[in-house]
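The same subunit A turns up in both complexes below, where it pairs with subunit B and then with subunit C.
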Partner chain A sequence: MVMEIVCPAGTPASLRAAVKAGAHTIYCGFNDETNARNFPGLNFDRTEMREGIAFAHSHVSKVLIAINTFPRAGDEGVWHRAVADAESCGADAVILADPGLLDYAACNHPHLRRHLSVQAAAANADIINYYAKVFDVKRVVLPRVLSVPEISAINAETEVETEVFVFGGLCVMAEGRCSLSSYATGLSPNMNGVCSPASHVEYHEDNGALDARLGGYTIHRVGQNEPAPYPTLCKGCFGAKDTTGHLFEDPVSLNAEQLIPQLQKAGVTALKIEGRQRSRSYVAQVVRNFRAAVDALEAGQPMPEGMLARLSEGQAMTTGAYKKTWR
Partner chain B sequence: MDLTVGPNQFFWSADRWTEFYDDLAALPVDRVVLGELVCSKRLPFFQDRIPDAISTLIDAGKEVALTSLALVTLKRERNQTAALAEMGVEIEINDLTGLPHLPDGANFSVGPLVNVYNEGTLAWLASKGATRICLPPELPLASVETLAKAGADHGVAIEVWGHGRLPLAISGRCYHARLHKRTKDNCQFACEDDPDGLDVRTMEDQPFLTMNGVQTLSDTYASAAHQIDALTQAGVSSLRLSPQSKGFTQLCDQYRQLLDGKISGADVADAICSIDKNIRLSDGFLTGDRGVDWSGKQPPAYQGS
Partner chain C sequence: MSQTQATIPLFPPILARALRVVPLPPLSLSLTAYSRKIAKNHPGLFRRLGEFDHTPFVLDPTDLPFVICLDPNGGVPRVTVVRGKGEGAARISGPLAALIGLVHGAYDGDALFFSRDLVVEGDTGAALALRNAVDDAELDLAQEIASITGPLARPLHHIIEFTQRRTGVCLTRPDEAEAW
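Moving on, here comes the complex of A and B:
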């Protein structure tokens, strides 16, 4: 069976562009703190969601709704309503991370298909099978800490479908288990749906150097004519002992396009593209390229080569944890 | 409120490890969680010391629990997690992977690296047998209050991160190995040189984070010394102290006296800073705008703007 391309949409326009470009599946979120891309001007209100899903279904594409932050104590109703509204809008599945919310959805919306978000960081077959047994989870989005052989081993031990990230931003830390951002800025992926938020970024010029700061901490310093990378915490430049550099991860993004045949052999069901904050033209282009790749694979033809390099905006690319030496 | 000593987050030699738990037997703490939390490669170095440490602590009247690993990916790690149940003491799960390996009907506790952010998750864990939950350090006081109430309703004791460098992130990649231009599989145990982790500084040479193998911690030592009244009022039943290589005896004494109302939070903060002049404090996750913030006195140069 052809591998499923799961594509991000931050706006209704992106959703339509992705559908027209051939995405099998779109994932998106409501415009509030219930999803992990809670950026200003992004995401869907209830009417947009209903219309977007209807449009996708009319083109035989599916829509998944990410409700993948961790509900705030005392305010769980906001997240419960998001699950109920996802079902009434016609979503094909919800992507959840919080065990309490999974329990709520399984008990109150049993016919709404449940996927386990990458934010749950389920990194082995034991816990994946446990989520399937307890919450009837049908698919797991694997955390970006696993190599291809490890993914293969997981698929050999579980009936749960696996979805893996193949393109876009790369978390270096186990997802859903990182509070670096709230330590420095007060806002975190788990609680607020943001990481290293733009509201806490400052650029500062001094003596021919350009500093990028997050929450007051200078984590990049470049010459005036060099491009200043966005100060994402785990990709910042730091000093330890006598070394200065990108101690956690270089400012790279993930591109596993050449690993698609191996991922298929490893039993992966779906390939996920990161980037709900990206433009519709970017999304459409990435979808077209990945769709061409999986269609070629299905037809027994060679993979198109280097198709996405131009979309990386000059940024370096990595295959991340899929190759074991990354660790 | 009682005192729990959390699992040591760092890599210490087996002799240092044994000495630490021998000393702990005589300290005014009620509960000790031990075992390997961070990296499965460290465990073989002190694994055979664990049964004796458990006996020593139980003989001294402490409650004892054994932690699971924080991130379980490899077969070896799954086996280690499954084997915990054979040790005959309570398990503290720090990754939900611990759950399917628990004996049927066994009670267990939940560590700070499991995401318990709300009443729904607390109730679900209670239904599986959780009797104690140490909340994630990221939670603000308002969430602690709500969860302590929910804990009371479900018979779950609520514990809060009381002291120590904050566990901020866990990864598949070993940063100590990367710093030494090695891979994780060939790390040569570079983290052993840093018994409290390795300082990570900003481009302005400001202390910021701490590297500990696959784990990233805060530079600051979180301390709930100024929040004891609020935590007591909320119904929190235990304060967690995280092991550090220097002055831990003094630290336990200070927090005990604080809980007994004999000294103030400021006294405790002063005592902590007197252990090592490089210790900077924070309590911002509980009461500040950012995790790094500190409600007490501290030289402003250490803080980001």
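Moving on, here comes the complex of A and C:
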């Protein structure tokens, strides 16, 4: 069984690029606060979603719709309509995090396949089996805090398909439980779909050095020839006592390409690429790279050497928690 | 030097010096007409700008002696080319080849940001919206020029192809299989 490549698309053009590059599955979101990449100029209106899904299906690719923020009290209808519209647009599944929304979807749209978002931070077999039993969840996206042996242990105890991140931005926190962005901006990925919202980010270049401010706080400064990181607090450079450095996490990207054979042995069904906020150029390059890797694996050939460093934050990469050398 | 910097060609300094004496009003008028043609052919680009469709942008090709001030003006854009810094709510700076390559989808905007080939200042949300809207529009600037140059389209196409081959600047929307 070929491992499934699950690829991001922030725009219809990216969706088409992903399909043409060989993605088995594309995930995307509506252009509102129901998805965790609610950025300016990004995402799909209902017509674009319907057309995008039709295009993907005509090329035998699937489309998953992420409705993975947590509904705001009194406004649950916005999230309910998103689930209903996902079904009417022809989505192959919805990716949900909130138990209330999972319950709504299971009761009102029972034929719409449900995946559990990484935002739910389900990190052991007991909770995954609970979601499967109560909400008939068919697949879980595992949080980026597990090692390969831990993933293997989970798969040994559940029938639910597992999907793991293999490339892209790396959250240092367990997803769905990080409120760092809220402290500086009042907005978080969990409730508003934005981590370090662009409306609160300012850059200043001064004699070649680049300062990044989030919500008015300077969170890092890089010199003239240093790569720039994303303006997130978790990648910020701070001083504490006599030490200055990246206290939470270095600005690097996840790349688990060389771990694909181990992930397959661990029972993983699907490999997820992060980056709905990235361009169609990124989408196509990363999909081609990973498609070549899983095809090589299937053919019994060695993993090809990737060329993805320049697309990575900080132009540096890590295998994250999959190998516990990650700090 | 970053990996991307190594691949982004710079505008020849001798030509950039020559551009210092070029009169800018005719250039502004031509670019305004050109951008309105693009707006007519790609209305989705301005829809995707959303709340930023009246936000003034400064596009700063750092290897040219002028900047391009773009006012989307709700889908009836105005372009003014000025010397100096220019004024706008958001500024996007980088080599001309990087800016054109972004439009054509040859480069990834975040990767250019990581490598410091691209700098964003001012309203980051507006800059992000413009980047995403342009990326989705799948523009081909050479094709847009051809559509307004009538009988000159064919020779112009040859000149653009030749220049692209010689300079490495992505002047047309690349074939996706080759570009990526």
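Just so it is clear, the second predicted complex is superposed on the first by the 307 of 327 C-alpha atoms of A that agree within 3 Å, B and C clash if a C-alpha of one lies under 4 Å from a C-alpha of the other, contacts with A are read in each partner's own complex, and residues count from 1 in each chain.
Operating definition for what follows: a residue touches a chain if its C-beta (ideal position, glycine included) is under 8 Å from a C-beta of that chain, and two chains touch if they have at least 3 such contacts.
This one's a predicted model, so the numbers in the text were calculated from it and none came from an experiment.
By the touch criterion stated above, A:Y183 is placed in contact with subunit B alone, subunit C being left untouched. Judged by the touch definition given at the top, the superposed model places A:P227 against subunit C, while subunit B stays out of reach. Look at A:L42: by the touch rule set out above, it reaches subunit C but stays clear of subunit B. Shared-chain residue A:P8: touches no atom of subunit B or subunit C. In the superposition on chain A, A:A284 makes contact with subunit C only, not with subunit B.
Contacts of A:G22 after superposition on the shared chain: neither subunit B nor subunit C is touched. Of the two partner chains, subunit C is the only one touched by A:P197; subunit B is not. Judged by the touch definition given at the top, the superposed model places A:G168 against neither subunit B nor subunit C.
More residues of subunit A lie in contact with B than with the other chain of the pair subunit B and subunit C.
Considering their complex, residues 70-75, 77-78, 81, 95-97, 99-101, 113, 115, 117-125, 136-139, 142-143, 146-147, 150, 166, 168-175, 177-179, 183-185, 198-206, 208-209, 211, 216, 218, 284-285, 288-292, 303-305 of subunit B touch subunit A. By the touch criterion stated above, subunit C contacts subunit A in their complex at residues 1-4, 48-52, 102, 105-111, 113-116, 119-133, 135-138, 176-177, 179-180. Contact residues on subunit A toward subunit B in their complex (touch as defined above): 70-74, 76, 97-101, 103-104, 121-127, 129-130, 143-146, 150, 153, 172-174, 176-180, 182-186, 188, 190-191, 211, 215-221, 234, 236-241, 243-244, 247-249, 321, 324-327. Partner subunit C is touched in their complex by these residues of subunit A: 10-14, 17, 20-21, 39-42, 197-199, 201-205, 210, 222, 224-229, 277-282, 284-285, 288, 309-315.
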